[in-house]
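Both complexes below contain subunit A, partnered by subunit B and then by subunit C.
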Partner chain A sequence: MKVLRLPKERLDLFASVLQQFGEVHAPVEQNGKYAFRALSRWSDARLDYPRTILPPKKYFVPPKDTLFQYKEGLGYVPADLAADRRIILFGLHSCDIYGLNILDQVFSGKYDDPYYQARRKNVAIIGVDCIPDEHCFCHSMRADFVDKGFDLFFQDLGDRYLVMVGTALGDDMVLATGSLFEPVTPEDLAEYKQRSSAKRKAFKLHVEIRDLPEIFELEYDSSLWKQVGDRCLSCGACSMVCPTCYCFDVADDVDLGARSGSRSRTWDSCLFSTHAMVAGGENFREGRASRVKFRYYHKQRGFVAEYGRPSCVGCGRCISACPVNIDISQVISQLRGIENATA
Partner chain B sequence: MHSRHKILIVDDDPDFSQAVASFLEASGYDVLQAADGTEGLKVAKAERPDLILMDIMMRERTEGFFTIQEMRRTPALKDVPIFVVSSLYAQIPGFRITPEASWLAHDAFFAKPVDLTQLLEKIRQRLAETARKEVAP
Partner chain C sequence: MAKPTLGVFGLTGCAGDQLVILNCEDELLELTELVDIKDFLMASSGNDTSCQLDVALVDGAVLSQRDEDMLKRIRERSRLLVALGTCAVWGGVASLDRNQDRTRLLEDVYGEMGKKYDSLPARALHEVVNVDLSITGCPIEKDQLISAVASLLQGDPPLYPKYPVCTECRMREYNCLLIERGEICCGPLTVAGCQARCPGLNVPCVGCRGPADDANVESAMNMFGEKGIPREEIAAKLRTFAPAWGVNV
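Presenting the complex of A and B:
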């Protein structure tokens, strides 16, 4: 892998040249929170953010996605996926890149999702490293470091970045900037190792996952699920903010007169009361406790069986977003029988 | 009756902007002015100028770059000729917008201090070229 350095004072120039590859989106601050937005000026970017409200999945699986339209006389009209619109997501943390790698497995595994694929191939990923806060446990989920899924990755070394080139596109981005980048020095490497070590020690939240699927098997009938279910509001916020939750509902909107309409898919959540309802009215997870349990089992047990790893990336968004402060790390600790843990 | 061409100057230096505006108005153009990229984009969308003179280093040193890209993403503005007029090369030695680099969708680059006669000639040429393209079948 090619590794270079970029003095921080040149980052705005790099971002300017980068625009030839697409529209630059980065985390911007809005009312004390952060969200990925298209940049009107570089100074709006906040690369030292803790986490965004919504994860980057909104670019690939939008909250509402029109799949096609149908009109009398025209028949089927495919959706305009704006496939020629190129975007650069600048500032993804490792956990979010790890999350995108998981979504890639889901949407391009057994069945290729053409809507996801059309957007995915037009988005470049530039990662930046971060300092964990009190909700982060990506280190426990092995998502605090990624070796793929990015075009460039910026490691903060104080007054400069160590830049890892992940793809040919990333290399093109570097070459397009002329002399902005410099060779790495031994001092840069020493600083990187020191900061990497300091970051590992900075995590406050730890979740042991090594035998977690087995614990979930053994605690299938635990009373803990009713306790958590009684607190849960089934609002679905955790699903909305999760980088790897991908459930969607599909519905037709038929125009008045029934001569045209459209089919869309929208974000869904296994916590919603009708998520497991089937035709005829049978609801396989009518109680909140069963729905909460399902979500945990999917993320930490079922996904492991299907894909070999949990789909939770430890970003902490669900902890941050839950209106009743359900903390996944505490739920897991309680399941393990760790004293003084409260879900 | 032939209407005058409209030129928008986007520059945070009011003295420079006014000096160029006065020269261009005396040369037969209607001139609009904007003091930063945000205002420039707003005025451009509302007034649809025939040509834009864009400074780069305004409230921040790369503001003009981002403004140009945003204009190019705006359907009504994507074909409007943009001339960059900037002291960028003097301020950031070693950083160049080379002619072969297509990363900045501009039509010409003028380093400040700008030769107004040359600028005027280039404006006339570019607007004449635009007029020929509009007339051609």
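Presenting the complex of A and C:
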């Protein structure tokens, strides 16, 4: 991997060069929280943000995605994916890049999803490193460092960045700037190593994932699930904000007179009372407790069996978005019989 | 094939849901091409008040003997009866104090004369007759109305979300007023469909659409309690639109 350095005062220049590669999107402040948005000016970008309300999955699997339309006389009109504009997504944290790598396994693995893949090709990813806050546990989920899934990755070294070049596109971006980037120095590497180990020590939240699928298996009937289910409001917030919750519901919208209409998929959640309902009204997960339990089992056990690792990346969004403070790290600790795992 | 016949009726309420129909300006012409609107007092003075109807849309709640008789008559005339708006679906604002002594309430408001008025504790339509479809909202959402008509013309019921407002609020990436500002937002208990209109305007949800499926009222009350908000305050807020939340204080 090619590694370079960029003095921070040159970042603005780099950002202006970036525009020739697509529309630049980055986290912007929104009433004290952050959201990825198209930038009207580079100075709106906040690269030192804790986490965005929605993860970058919204760019690849939008909350409501029209798959095709149908019109009298025209028949089926497929979604024009090629026309999607090119976007440079600047400022993803490692956990979110990891989240996308996990979505890749789902949407570009055994079953190719053309909608997802077209967007994945149209969106460039530039990562930045971050300081964990009280809800971050990506370190425990092995998602605090990514070695793929980005075109460029910026590591903050104080007055400069250490820049990792992940793809040919990333290299093109670097080359397009002429001599803005410089070769790394031994001091840069020393600084990087020092900061990287300091970051590892900065995590306040820890979750032990070794043998977790087995613990889940053994604790299937734990009374904890009823306690959590009694508290859960089935509000769906945790699923919406999760970078790796990818369930969707497909439905048709028929226009008046049925001469035209569209089919779209909308974000869904296993927390909803209707998620496991089938024709005839039978519901496989009617009780709230069984639904909450399912979300945990899918992330921490089912996904491991299927893809070799939990789908949770430890971004902490579900913790900060839950109105009744259901905290995944605490649920796991309680299941393990450790009362307080917060170091 | 003859066009399906439609009637639109209002019981006691603000008639806002009927107004939403009239406000569908872009669709009204097409609507009249597809259905034969036979009886719609708010829109026309020349109505057929006795014909059989394929679909009756009824807004407002049952608040008087007159309402009750009218509703039963509509039920007899119609193949499908659709409750339109929070009052028709849940009871609405008028059901706020429906468990209190009616005679005393009438006297409080109208004095001596109150005793003579035809006034019953508010009931939702389904508490009086069979209801085939409910379109909630205060007022109803235009897109849910159009999709109901479009689907019913195909012989299908429309698909509406049953999950809470929070889901739409998060999909739209709004700030959470409850978590971030400690406001009493009824979004976790209220059924979605409005695209989280109020939180999108920085105003907490007051629950105008009525309960979401499987709303966990008890847990929400505890959560608000932990924030120092008295149960009575939450209960009063929820009662404003629907007794069906079943809040215990």
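Simple rule for what comes next: the second predicted complex is superposed on the first by the 336 of 343 C-alpha atoms of A that agree within 3 Å, B and C clash if a C-alpha of one lies under 4 Å from a C-alpha of the other, contacts with A are read in each partner's own complex, and residues count from 1 in each chain.
Rule of thumb we're sticking to: a residue touches a chain if its C-beta (ideal position, glycine included) is under 8 Å from a C-beta of that chain, and two chains touch if they have at least 3 such contacts.
Since the model is a prediction, treat every value here as computed from it, not as a measurement.
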Subunit A as common anchor, with subunit B and subunit C clashing or fitting: fit
Subunit B versus subunit C as contact partner of A:Ala176, first or second or both or neither: first
Touching partner for A:Asn31 - first (subunit B), second (subunit C), both, neither: second
Most subunit A residues touched (candidates subunit B, subunit C): C
First (subunit B), second (subunit C), both or neither touched by A:Ala258: second
Partner chain(s) touched by A:Gln19 [first = subunit B, second = subunit C, both, neither]: first
Subunit B versus subunit C as contact partner of A:Phe154, first or second or both or neither: neither
Touching partner for A:Met240 - first (subunit B), second (subunit C), both, neither: second
Subunit C, subunit A and subunit B - angle at the middle CA centre, rounded to the nearest 10 degrees: 90
CA minimum distance (subunit B, subunit C), superposed complexes, angstrom: 23
Complex interface listing, subunit C residues touching subunit A: 27, 30-31, 33-34, 146-147, 149-151, 153-154, 159, 162-164, 166-167, 169-176, 178-180, 187-189, 212-216, 218-220, 222-223
Residues of subunit B defined as touching subunit A within the complex: 37-38, 41, 59-63, 65-67, 69-70, 73, 92, 94-96, 98, 101-104
Contact set on subunit A toward subunit B in their complex: 12-13, 15-17, 19-20, 23, 39-43, 176, 178-180
Footprint of subunit C on subunit A - complex, ascending: 30-33, 35, 53-54, 58, 63-64, 230-237, 240-241, 251, 253-258, 267, 269, 272-274, 288, 320-321, 323-324
